[in-house]
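Two complexes come next, and they have one chain in common, chain A, joined by chain B in the first and chain C in the second.
After this line comes the complex of A and B, so read on.
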């Protein structure tokens, strides 16, 4: 009985702590998004005397000739296409790297790891994008995002592949599969949990990316959602209420994504952990 | 059949639209986000587009150091727009003007600009930009209501100023508002003291750049740090200075909780956004020095617009700059509201409806009692000045220690610039 009470107490404290850590900032954003600009500039957590959510949201959406709508569209395209490219490339790479053994493979593994360790440089990347004609083009940014997430995804896929028995490959070959069939019909469906994990983690990091779109996708029509935040702050003049309203609007898609796929993330992360 | 017709109609429409658009040139302008002047700029752009067959499209960049990095990256990648908004003075000079920007010294509008402005956007024989906003003046903003209630007069000397502060403090109000949470605001008392420093030591900027004068060893230069610290030791400042933001300070000034806020006139747009009905209560005076007949204001130089050399439409861009500083352009600029300072353009008639604080600042300019801030006279400005000013303002170090620390900070900068004498 005593133990139960102790456990309950610990759990209550943990829940309260989580509420404080996550709840306070969110409620701060929520209340300030509805204030007037003078009230929001005071940076207080107290609820507003009169709220003006509708006015704030509509001026955020109308800002710079409806930039936010274009930004949502751009961000959605960039996120979806980069995930598709990334999953296609890194799952096949992970499959081959785990199944094949040899000297060449360990070198390739080293190169993939190097991608995790060496930071990307901006100016040479712009030069490369310009040479292949993809600078200021959404496809160019898609390639950059996919390349940046590639090493980590390959690691996850390789780890997961280790848990898929080789006997499956052999059985499929005996049944007449080609290598391509084997991957498409047997292996890729089995890797669903890890694909889901990668899709969720990278979609959120791509959607929330600020620096890469800033450097690799300039142009008045090429805005992404994170860049719209800068519409409301500058050195000498800030519109905090609209900034918070914008934050609220652009955090809705990742939030929905997280709520629905939360379970998959954890199962996918753990899936490759234990080799049998 | 029907579908084919629709496709044809759409194609024809696209062709017509693009054919129509082909007569008009398009300039791309890399502009700061959320500029206080954006409304005025939009008005100028609209008037320009109506007059010439040239369209202007904005690309936005953040105003912080993120934006500086972006511009440097795009220069390195040879990918600059047709027009660029940027800080004047040392930040602009770093961009290697002669190599990267179009020289404007032979343009007809060159003679319209104030020489003091041209000097901060020049390199070698040319000058490279036009002013984009009115001239900000640095000094002390004060609440006129508090002054009227306590029967105070605008101080002309530092002694009168501290006497006023004592009375305000005795009346239970905050005498001087400081906002050290945004540490850049701590520098204002120091930087805006340059008029007084120059009055006492006219050649300071030259000697300082040549490493002959130091803040620690020049008594007039040390005054800046002493003034910041005096606010603290005499108890004039608000409580929780380290938690007070730029925006908090504006509210305190507008609502009359505090009487003085050392700041430049660029803050007026922000106060006007949040407290439009309080603008009539806010006045401005120059930072007082030691003698009443040497009382003047320190000016910052306005942000500028320049044309990068890589632009393929330099002629169209020059037309826009010409229009921007013309009478027509200025009329459009002022059509959306009174400007918050004097222009760096000769013979501009100021409209009615200026903010009282702007009027106060312009009085000094008309009386020719001005000096540019030190950062426009010397390329040497240490990166750690905000933190050092906060240390002085919180009494963590003596003014002499702060000055010595700043001299060391500046030395690194000067050596990086490879100035002679360092």
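After this line comes the complex of A and C, so read on.
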């Protein structure tokens, strides 16, 4: 009995602490996003006397001639195309990396693993993009995002390939499959669970990415949601209500993903971290 | 007739990946070694030897980034490991609110770094931010979190830990759950306490997840840019500049050679610290 009470006490304290440390900042944003600028300037967590969420949201959306809408569109395109490119390049590479052995393969493995650690070189990448005419171009950013996410995804694919029996490959070969058929008709469909995990993780990280759009996609024509949020810091100097309203709007897509795919996100992250 | 291997698993499968990865990652990395030795305008370059590195390492407003980045990476890494481990150990015990607590702690990860920076910029406001208001209520005069040159870097470290500790915790939980229960049962029979369990079973046997957390957190910290950029812009003055923020400042200023030299410095740090660290850490790993 005594033990039970002690446990309950510990658990209550833990929940209260978590609410204070992680809950309060979130509810601070939630309440202040609905206040007037003057009320939000108080920086208090107290609920507003009268809320004006709709007015705040619409003024954020209308800001700088509806920049946020274009940003949402751009971010969606960049995210979706990056995922498509990433899945294409890393599934094929992971497939062969797991199935073949030899010195060449070890070298490729080394180069891939190095990509997990080495910080990307900023200006040389800009120079490459400029040289091939993709600087300040969404496709250029997509290719950079795919290249940077490549090592991690290859590791996930390679790990999963290990669980697909080679007998399948041999059977398909006897049935007259070429390597390409084998990959397209047998292997890639079987790797759907990893593909889904990678797609989900990448969608959140690319959508939330600030650094790469800042480097490789400057200019107001190409804004992404994180860049607008960053630009609004100076536009909305001390108008915390509007900044927070913007934060709420652009956090909706990752939040939806988190609610639906919580387990997949966690399992993918852990698999990648533990296997590397 | 070529073997089955080379027929089915042709190197041709590497072509798409090779184009993207070489062009947008490997080539820039190799180019950075060359261009860090030049005065570079992107269209033209002039060889200057090691001048850029000399500037980078002697100019006080630049070499502070080196020190700060090391402090930042070490501090965030240490805090994430310690707090993440303790949280994971606690959340692997028999709790009713386990799921709720885990989601709560993981949640900041889905927020963008810019959003987190803005939120804490507001909470850490020196005169009426929520943190200092709360401290004042219990009679403590809160510091100027982001405006005090001695505090700013440390404040951003705390925010980074707030955002990232959930990942560390999640990795630790996976490691702890993989520990076979009979180790704990054996310890119980021998009369071990809860502390013994933690110290002699959980800690040594979650070593491999600890290695992952250390590597991820350290490398993440040494490359870190966005949080410091949105919260302090490297200020006040240059006091919280990191290597990555200096790389960006030099890029903005058009000093492409110096900016690239910064990248090479980062590369060298990662190679001389992270690689041996990885070797060392994986050596002390215990098999389950």
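Note that the second predicted complex is superposed on the first by the 234 of 276 C-alpha atoms of A that agree within 3 Å, B and C clash if a C-alpha of one lies under 4 Å from a C-alpha of the other, contacts with A are read in each partner's own complex, and residues count from 1 in each chain.
Quick note on the criterion: a contact is a pair of C-beta atoms (placed from the backbone, for glycine too) under 8 Å apart; a residue touches a chain by one contact, two chains touch by 3 or more.
Not measured: the values here are computed from a predicted model.
**Q** Overlaying the two complexes on chain A, which is it for chain B and chain C: clash or fit?
**A** clash
**Q** A:251 contacts which: chain B (first), chain C (second), both, neither?
**A** After superposing on A, A:251 lies in contact with chain C but is clear of chain B.
**Q** Could you figure out whether chain B or chain C reaches more residues of chain A?
**A** Touching more of chain A: C.
**Q** Figure out whether A:219 sits in contact with chain B (first) or chain C (second), or with both, or with neither.
**A** first
**Q** Can A:38 be said to touch chain B (first), chain C (second), both, or neither?
**A** Touch partner of A:38: chain B, not chain C.
**Q** Check whether A:61 is in contact with chain B, with chain C, with both or with neither, and answer first, second, both or neither.
**A** After superposing on A, A:61 lies clear of both chain B and chain C.
**Q** Based on the superposed arrangement, let me know which partner A:235 touches: chain B (first), chain C (second), both, or neither?
**A** Touch partner of A:235: chain B, not chain C.
**Q** With both complexes overlaid on chain A, does A:30 touch chain B (first), chain C (second), both or neither?
**A** Neither chain B nor chain C is touched by A:30.
**Q** Regarding the shared-chain residue A:139, is it in contact with chain B (first), chain C (second), both, or neither?
**A** Neither partner.
**Q** Is A:126 in contact with chain B, with chain C, with both, or with neither (first, second, both, neither)?
**A** Both partners, chain B and chain C.
**Q** Same chain A residues contacting chain B and chain C, which ones?
**A** In chain A, residues 42-43, 122-123, 126-127, 130, 214-215, 230, 233, 240 are touched by chain B and also by chain C.
**Q** Touching chain C in the complex: which residues of chain A?
**A** 11, 14-15, 18-19, 21-26, 28-29, 42-45, 85, 88-90, 92-93, 95-96, 99-100, 104, 108, 111-112, 115-130, 132, 143-144, 146-148, 150, 154, 169-170, 173, 178-179, 182-183, 204, 207-208, 210-211, 214-215, 226, 229-230, 233, 240, 243-244, 247, 250-251, 254-255, 257-258, 262, 266, 269-270, 273-274, 276
**Q** Could you list, by residue number, the parts of chain A that touch chain B in their complex?
**A** 37-38, 41-43, 64, 122-123, 126-127, 130, 135, 214-215, 218-220, 227, 230-240
**Q** Which bits of chain C are touching chain A when the two form their complex?
**A** Going through chain C, the ones touching chain A are 4-5, 7-14, 16-17, 20-21, 23-29, 31-32, 35, 40, 42, 90, 95-97, 100-101, 103-108, 110-115, 118-120, 122-123, 125, 128-130, 133, 162, 167, 170-171, 174-175, 208-209, 212-213, 215-216, 219, 222-223, 225-226, 230, 244, 247-248, 251, 256, 259-260, 263-264, 266-267, 270, 274-275.
**Q** Contact residues on chain B for chain A in the complex?
**A** My answer: residues 28, 32-36, 57-60, 62-64, 66, 70, 73-74, 76-77, 79, 245-248, 250-251, 266-267, 269-270, 273-275.
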